[in-house]
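Just so it is clear, A, B, C and D label the chains in written order, and each chain counts residues from 1 on its own.
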Amino acid sequence: MGKKILLYGGKKAEYLVNFEPGKKIQTHLGVLTLPEDLQYGKRLETHIGKSFYILFPTTRELSMRVKRTTTIIYPKDAGYMLIETGIGAGSKVLETGTGSGALTIILATIVGKEGRVYSFERREEFFNNAIKNVKDTGLDDRVEFHLRDPATDGFNIEPVDAAFIDVPEPWTLVRPVYEVLKPGHAWVSLSPTIEQVQKTHDALKESGFIRLKCVEILEREMLIRHGKTRPKERMVSHTGYLTFAWKVEG
Amino acid sequence: MGKKILLYGGKKAEYLVNFEPGKKIQTHLGVLTLPEDLQYGKRLETHIGKSFYILFPTTRELSMRVKRTTTIIYPKDAGYMLIETGIGAGSKVLETGTGSGALTIILATIVGKEGRVYSFERREEFFNNAIKNVKDTGLDDRVEFHLRDPATDGFNIEPVDAAFIDVPEPWTLVRPVYEVLKPGHAWVSLSPTIEQVQKTHDALKESGFIRLKCVEILEREMLIRHGKTRPKERMVSHTGYLTFAWKVEG
Amino acid sequence: MGKKILLYGGKKAEYLVNFEPGKKIQTHLGVLTLPEDLQYGKRLETHIGKSFYILFPTTRELSMRVKRTTTIIYPKDAGYMLIETGIGAGSKVLETGTGSGALTIILATIVGKEGRVYSFERREEFFNNAIKNVKDTGLDDRVEFHLRDPATDGFNIEPVDAAFIDVPEPWTLVRPVYEVLKPGHAWVSLSPTIEQVQKTHDALKESGFIRLKCVEILEREMLIRHGKTRPKERMVSHTGYLTFAWKVEG
Amino acid sequence: MGKKILLYGGKKAEYLVNFEPGKKIQTHLGVLTLPEDLQYGKRLETHIGKSFYILFPTTRELSMRVKRTTTIIYPKDAGYMLIETGIGAGSKVLETGTGSGALTIILATIVGKEGRVYSFERREEFFNNAIKNVKDTGLDDRVEFHLRDPATDGFNIEPVDAAFIDVPEPWTLVRPVYEVLKPGHAWVSLSPTIEQVQKTHDALKESGFIRLKCVEILEREMLIRHGKTRPKERMVSHTGYLTFAWKVEG
């Protein structure tokens, strides 16, 4: 498998592709021919003379540009979840549902080869697409994919350092997660609606979780131009609410 | 050195302490006696019968509760920086200034033992306090501290995967950072004011950086209470602007 | 009754007082002696030489600086309500509850002498305080105060152009308001919690109101200082949700 | 001239039209025939049986649905300006530039027949379009339109209670406005960029204005649906910054 590179030819000309020596890439600014050796930062030219640069694809690009079968998590939300749950290199984490694998890629980047991501998905078509997406990034060596509904079948894995929940009914997973989450460690779920948050909140409080907290993260872009500096005129105003809780002894 | 634990006795009763068997901890809800063995999730009682729980201290706690000699980075900003720069387990990163060490702790958690954080600070009193703060978390094995002003003396380190800049004059570091940042990789700086962003932006564009982007991240807490769900009435409205850029060949 | 003036001696030195020729005003920057004739824009000096200016007190000052017995409406919310309900000079409007009279003052300013504000309050201590607050502004000639609970006793007034509802249980007023609101005209209610909004929403839909809309208005201050331009660090993040609806034939 | 009515057939079926008895209105949900008598709140049916209601067109509709030759002011901003400048029924106000007349319509609604709006525009095509837009609302009896550039030619009107400035270079108007604004009264300007705000700020401070304040107003819509309550996913993130200042004696 080739390595992913980000070809950057301007704000509206970004392409995430697998690097292969000499490969032709069709862009809307002309055809690019990749060099023989991968060299980040290098300038290329399309056949009509437009400049592109080879950039290291960051976690944002790897996760946001997956083939989508579901809505995916935004970097603003994922980044906050990492700090708040405290995971890092070497952590063992649980994720459900896998969805399109966007969060899986983020978690796999963070936990590294010494860590482990246990990722659960119950819908086969999502499962297969997500595995493909993660394999494409070369990060699948640290991910264990499970095609299973943990709400009914449980997780059956080693104790984990954090649980990342992105399903429509997070409250159905509170008890199964309690079983596999290490004591004193964090749950986080992402839900678009208030009612989901309320039900999840109730379930967590009834099931041995404390220190509940719910936040929204907003991202606002600033346009920095000489004499014309201002916020961008439109923004994504809502993706979801993040609910955090810590497991304690019963 | 003991291990850090978070003692949680309610929203306004959180204590981050070093675990030592049998140690007495004075809280405003009474005196706690730590158990002989560290067991996360365990419930303790103060001498006046108030409950506390031993929680795993997450990156938020470890970074936000350092002894502060400077303003420190917020989780909402740090988390976003991680995803956008693409670092993870095993990354080599550059940070300047060290400040109180809050971001150093976050980066050290993320890069892990296989990674490396090169942290530069030019003011000796900040430098010493930050080293103490990072040592307290036990994450100092992967951090190299330098007491130096890189704007004048350069970095003189191996090429890094990302540069995290939190100084009052980021534009003075654009050229030194260009020297040590791997091509195709990311710069991020945090600045509270518009004018800092504008000067940094100009310096980046003139010095071989492309794909500039500036964002603000806002965190809004929701209060989830039966029949009284609403956003919290006050919030931190501004910490700083994040400026990202990617180094390419000249 | 004297006329209200705003004495401005700096950001933290604002006094809203009744003008009386030669009156002494005690400020934390010294004693001011008001001139014989009221002259807006005029500079005065305290006995220790600090400058103050006589400003025309705007609707914000008149409404925000009432003696408060309740939480009061913010200008950001009130201003939006005016445009969205379409009231102006000459309008007849209904308000309940009167609370501290802050919104009453705003509405009285807008509808003018040709208009009318019917203001209802059921708690006598609030009622008396609000009347005093409105009288202090000299705008009471266009306001009719009623000490009554319209949820049980109805309104019994002429048809109105708009209804402004600021009570804990707006849904109890949907039917009484339907009786007195002109067809095709607007209801607006302000509620801090989601649950209040949901119940109000349901009641409106069941009772002949259409075109429901719910918004939040946020106000963010910018600090404009040479070389240090940035948003203020803290803000009021939530006052309430505004719910709008239009009455149509059954 | 007919009276304006708002025909409402659902979220994406709103038509602002002049009422004429028996008039046929083409909508994307079929043809409506207006009744002989104007009756707000009345239900109509298109020739294919779709329901529409006749609503009283509020200031939002009258101002937002003008024929646009320029960007227009948003209700969130205009409403805030009204409260902060303190105008109401009977006020004399100055506006420049007229633009498409959206703010003119708002001001005319507020000041009423006893008040006066002096509106200045220097570009003839905007001037003519705006006059037509305001006439269409029937509010032109209280508006005086001037085709002139006040930055060079001054205002030459009676003293006004407030000045509303919406031009690309507000700083060029600070001195002319100082001449006609009543002492102690308010200036407000709307500008999309930081640099405009900074230059205006400097000019105001140098020219006898005090109590400067700059804010942004944000509007966020909430979707209230059973079991699916949440903020709308996208929003207008920026229209402009509002700068307020008060004139005092030199």
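Assume a residue touches a chain if its C-beta (ideal position, glycine included) is under 8 Å from a C-beta of that chain, and two chains touch if they have at least 3 such contacts.
Bear in mind the structure is a predicted one, so any value in this text is a computation, not a measurement.
Contact with both subunit C and subunit D is made by no chain of the assembly. Separating the centre of subunit B from that of subunit D, both taken as means of CA atoms, is a distance of 46 Å.
Separation between the centroids of subunit A and subunit B, computed from CA atoms only, is 21 Å.
For subunit B, residues touching at least two other chains, in rising order: 194, 220, 229, 231. Listed by chain label, the pairs that touch are A-B, A-D, B-C, C-D. By the touch criterion stated above, subunit C contacts subunit B in their complex at residues 192-195, 220, 227-239. On the side of subunit C, the complex with subunit D involves touching residues 8, 39-43, 53-63, 75-76, 78-90, 106, 109-115, 161, 182-186, 194, 197-198, 201, 210-224, 229, 231, 241, 243, 246-249.
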